[in-house]
Amino acid sequence: MTIRLDGRNPQQLREVTVERGWSAHAEGSALISFGATKVLCTASFTQGVPRWKVGKGEGWVTAEYSMLPRATHDRSDREAVKGKIGGRTHEISRLIGRSLRAVVDVRELGENTIVIDCDVLQADGGTRTAAITGAYIALADAINWAREQKIISAKAQPLRDSVAAVSVGIIDSEPFLDLAYTEDVRAETDMNVVVTGAGKFVEVQGTAEGAPFDRDELNALLDLALAGTNQLTAIQKAALAR
Amino acid sequence: MTIRLDGRNPQQLREVTVERGWSAHAEGSALISFGATKVLCTASFTQGVPRWKVGKGEGWVTAEYSMLPRATHDRSDREAVKGKIGGRTHEISRLIGRSLRAVVDVRELGENTIVIDCDVLQADGGTRTAAITGAYIALADAINWAREQKIISAKAQPLRDSVAAVSVGIIDSEPFLDLAYTEDVRAETDMNVVVTGAGKFVEVQGTAEGAPFDRDELNALLDLALAGTNQLTAIQKAALAR
Amino acid sequence: MTIRLDGRNPQQLREVTVERGWSAHAEGSALISFGATKVLCTASFTQGVPRWKVGKGEGWVTAEYSMLPRATHDRSDREAVKGKIGGRTHEISRLIGRSLRAVVDVRELGENTIVIDCDVLQADGGTRTAAITGAYIALADAINWAREQKIISAKAQPLRDSVAAVSVGIIDSEPFLDLAYTEDVRAETDMNVVVTGAGKFVEVQGTAEGAPFDRDELNALLDLALAGTNQLTAIQKAALAR
Amino acid sequence: MTIRLDGRNPQQLREVTVERGWSAHAEGSALISFGATKVLCTASFTQGVPRWKVGKGEGWVTAEYSMLPRATHDRSDREAVKGKIGGRTHEISRLIGRSLRAVVDVRELGENTIVIDCDVLQADGGTRTAAITGAYIALADAINWAREQKIISAKAQPLRDSVAAVSVGIIDSEPFLDLAYTEDVRAETDMNVVVTGAGKFVEVQGTAEGAPFDRDELNALLDLALAGTNQLTAIQKAALAR
Amino acid sequence: MTIRLDGRNPQQLREVTVERGWSAHAEGSALISFGATKVLCTASFTQGVPRWKVGKGEGWVTAEYSMLPRATHDRSDREAVKGKIGGRTHEISRLIGRSLRAVVDVRELGENTIVIDCDVLQADGGTRTAAITGAYIALADAINWAREQKIISAKAQPLRDSVAAVSVGIIDSEPFLDLAYTEDVRAETDMNVVVTGAGKFVEVQGTAEGAPFDRDELNALLDLALAGTNQLTAIQKAALAR
Amino acid sequence: MTIRLDGRNPQQLREVTVERGWSAHAEGSALISFGATKVLCTASFTQGVPRWKVGKGEGWVTAEYSMLPRATHDRSDREAVKGKIGGRTHEISRLIGRSLRAVVDVRELGENTIVIDCDVLQADGGTRTAAITGAYIALADAINWAREQKIISAKAQPLRDSVAAVSVGIIDSEPFLDLAYTEDVRAETDMNVVVTGAGKFVEVQGTAEGAPFDRDELNALLDLALAGTNQLTAIQKAALAR
């Protein structure tokens, strides 16, 4: 059996920890780690919606992803210093926002906005999947806060389901779950899968970094991903139950 | 049987036309249309590679996607005027670049760069898939040009395969091929699939815009996409044979 | 007699073609070509005016000019990627806007704005003069559209005249009409002249690229330009009559 | 006879003053005023040329124009604060640069660059023409400095002629020389004319702000402009002789 | 006794001159010089306040500092051209704004804003202290103007005191007042001190450029600074009395 | 005796904790907290120096400060999204860089650069002083790392002393040490003092937010600050000894 550098078998997640309520200021927050990957997720609940949503009686959920300059092995320049946001940052911010909105009924939020900030404090692969998984917890707590503060009705149910995400990939023709950075670099195919608590797909983003992949490989990766998000859903539930 | 607004059945592509060699200046070019969607793809072959590739003896292929301000039903502001590129533009540019590189052996290019520009002159859904499909033709011609100019060796085979892309989606629980704009807006799930000439996947990007989707729906969409890219591959071959 | 590279005599325009209504979405549009120079002009009619015009009961006409990166012989970087618009682009956009406003009675437009986008798809000299000449056609059609839609009154006459433009220049002491790119590069003096249908000047922009020019040379260039715009006015009329 | 608000007749320049050598640091400088318009022109002589000129053995002359925020009647926002340069600024900077280069033989400069900064301290119409007229003086002194410092040869003659500029315009069908701000606002046609010491044209930029203009009006304006630049040339000579 | 390059003794200010009302347009203005350092300060009085101050019945005072590109010995790039404001500029603009607000009772201004622009025309050390000292004069005159125009009540007393600033520094262990550029470069410690007319501190900003400084050195510098601002206060009074 | 909201007396620091080596990637790092203020400081040691330092045989130390958007009570927009860095961020980044360089002998670093990133994860006043205090620890460890890696000589002593910082302020005429956010808001005068391990001043930045302050108040604040930095120096020593 293949043993990975960190001792895992190919079907195994890294250790996942969640510090719920890490932030003293945010309405919801979680410091989540997938192994050495650490992402601080905060949810800011604010009254009002973006201009293009005004007057519809609905809310909005959006997300911003960023990495600290030395989250990575080599320091990268700050996007604020460069004066523009890179394509990768944009892409991941949009992915997180779509993933969360897929489980939110914005009509139940009233004309309020929840901004989720996912800041990667340390990166070791899987930062976007850790971000989505942690962001859901921050989001759930911000909604709880709004209910307690009576900003939204006690009966409002903005969350239709939970959502979690995991990466999978093919290395040397074998499928692996939850890739660490060094594994991600070696993967021929890399896929990020976002799945609801009920086990349905929200996003499937597979990319051939090396050789193109066939239908069987795709199926094997999806099986592995669903097993992984199933565990992550359980971890989210446990964290929110504490 | 479901008949679409434009008369197609759900499994049918829109009419695809290719004007190969549209540009008098570019080393390769194609004006491609998927129905009312029209994308001008040009390939610029230039000597040298980006700084981080220098000295490896390899080439590089990259892409930039953009829309004319009035390509769409309502005019959108120019990104040059806003002073920054939006997330969607970044995301699609990166997707096109990755899709093309998946079929290019950069070692066969020498230290040369091919920049593919995909400018949407008119948009009616599927701009990114038309762009990838047309970009491949421009790329192939730029490589032919370089071979004729003896900038790369007559025996060099930088292209390992062709690549084409199509969108698929679920509307009212039924899978549709090659969505026009009004269909795209209605789709619960929307997927862009990039496939090689040999029928293998390069990118699978599925997104639940409405309800999450299950494994059966995913499979139906992939079947439809593969049938579509199969036809697009034939259209590319025919265009390049002219 | 001097024969030019493309077979024209010095007093001759290049072949001018106009595809009126090229765009499926814009309220007015024209794909105009002056020889190998091709410019897509679209006119977007929108309700409302810029903030500084609000409440005056008048409309506004403005223009934006841009070149596709590979419109030219060598690829140029996108201004959106550079994050700022260059001086040349600014200058030409302003020239087009002023030229059109010179024949528009904004009081007849109501508080509506027409934005003209001139995107150079292929460049071979004279892009700004082709843009102005084509923009007038798009503008006229957008006004017709507004009248048909009853957004402006059936009796409103926002257009006081037509407007067209041509370049002229001195090469080896001889005046030439409608310079192609290779001629433009060689010209000692280069002039762009914008003229109304009635034959009056809207803009005269002469620049000594090499030796300064005297009054006689200026007069010879103006004669040539007026002959050229006279023909362009006829072409515009014919296109709008179709 | 028409008497202007400031007591001038239509053919008269405003009082022109020149403080040559205003700057303690610049290699050449002049604080020039055309009436209440005051422009500080400095010429910075630096070794080396822009990258695209390297290795040709030639120099380069370029210019940057700017206005202090409260040079005008109402305060305008700083372009540095807005983060981008406006079209008008770009256009005038380019005009000044072209005008100066028209009288410079860059081969006589060696691989050196002269940057001319024209900063409008107070504006009352004609800022670009005052800038060009003052810039020539700063440029001439920077070239003198380089000759004295033996950075260029004692025999080098980079200046082929002098250059000066003036505005002219038509107000109520009458031509006026050197428009003050309130006149400029009222002018139907506005023209900036750049002329060499020998009386030849470098730039002719006429714009119909109101009604288009005919050939006779154009000729009357050019006559007036040449008379004005003739006087400005004399003022430049006198200043440089001090 | 130490004699400085410019003949001063260590406790001496450079010659200070004030041209009050330099600008024809601004509501208050002063061209101030500290030796060869020349700063044009204009105060623009405008109705309305920034959005975050609206509805409080109070006014606002803010400042912007900038240097002309050739104010310094070597030319520096324009911040407008670079597209962003540097840290030093930001820092000094904020310092000037805070210093002025320290002597303004914004409740007495009504909902009006005074913007102070401090543009360094020539720099020889101490530009920020000259700017603050001159800005106070421009500010006082803009307030006088508003009172005369009856925009604020004749009894309103927005100014609680005057404010002036001076630099001090330690060179070769000896404290010096009002450092010129060459002295500033050599200073081990450099301090800018902003003091009210009544002799109280508004800002004390001391920085060890070389060796850290002790309490005695700090005290000696503060003594020197207070003596300097005392004289500057007298110069301000004299200027405002003219 | 005055008791503060958090139970401290006016002369007391908040609890200070240091997690040295928090980052798995950085050459030196510390997560420092001053009460609820938490700053992650990382030191990145890289070979080479900025262009203007090349060839002098010396190194460079610089710093960048930033706040996560929800570090504060209300969410603030990301500077990367706004596309520019605010004045406050610039000012603090420069302060941290100067403070560290004051205790570094750059000649002992060789041509290497240390970049210190100070990212505020949670803010409750004193973020810049916590950042400086933590940055010193990260810096010391990065230097240790370079010595161990033999990138600099085992005998090199780049650190001349340690450096720490604390805020002090006057509230209701009484001096307080280490202000929490709510105290900072109420302070009439606010001072940040940067002090070496030997007790000498590196920076003294006092600002009258309300009433100007006199010499006695300044002295009382400096006494308090020196007592505070004395304790912080001991905490730094203890952390580095672990």
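Lettered A, B, C, D, E and F in written order, each chain numbered from 1.
Just so it is clear, a residue touches a chain if its C-beta (ideal position, glycine included) is under 8 Å from a C-beta of that chain, and two chains touch if they have at least 3 such contacts.
Given the structure is predicted, the values throughout are model-derived calculations rather than measurements.
**Student:** Steps needed, at minimum, to get from chain D to chain F via touching chains?
**Tutor:** Minimum number of steps from chain D to chain F: 2.
**Student:** Quickly list, by label, the chains bordering both chain D and chain E.
**Tutor:** none
**Student:** Among the chains, which one keeps its Cα centre farthest from the Cα centre of chain B?
**Tutor:** Centre of mass proxy via C-alpha means gives E as farthest from chain B.
**Student:** Quick one: compare the interface residues of chain A with those of chain B and tell me same or different, with half as the dividing line.
**Tutor:** same
**Student:** Using CA atom averages as chain centres, what separation in Å is found between chain A and chain E?
**Tutor:** The computed centroid separation for chain A versus chain E comes out at 50 Å.
**Student:** For chain A versus chain F, what separation do you get between their C-alpha means, in angstrom?
**Tutor:** Inter-chain centre distance comes to 33 Å.
**Student:** By residue number and range, which residues of chain F touch two or more other chains?
**Tutor:** Residues 83-85 of chain F each touch two or more of the other chains.
**Student:** Among line, ring, star, complete and other, which best matches the way these chains touch?
**Tutor:** Looks like a ring, each chain touching just two neighbours.
**Student:** Following the ring of touching chains from chain A through chain B, in what sequence do all chains appear?
**Tutor:** A, B, C, D, E, F
**Student:** What residues of chain F sit close enough to touch chain E in their complex?
**Tutor:** 84-88, 90-91, 93-94, 98, 102, 161, 191, 195-196, 198, 200-208, 211-215, 218, 222
**Student:** Can you list the chain B residues touching chain C in their complex?
**Tutor:** The contact residues of chain B facing chain C are 23-26, 29, 36, 40, 42, 44, 46, 64, 66, 68-73, 75, 78-81, 83-85, 89, 115, 117, 119, 121-122, 124.
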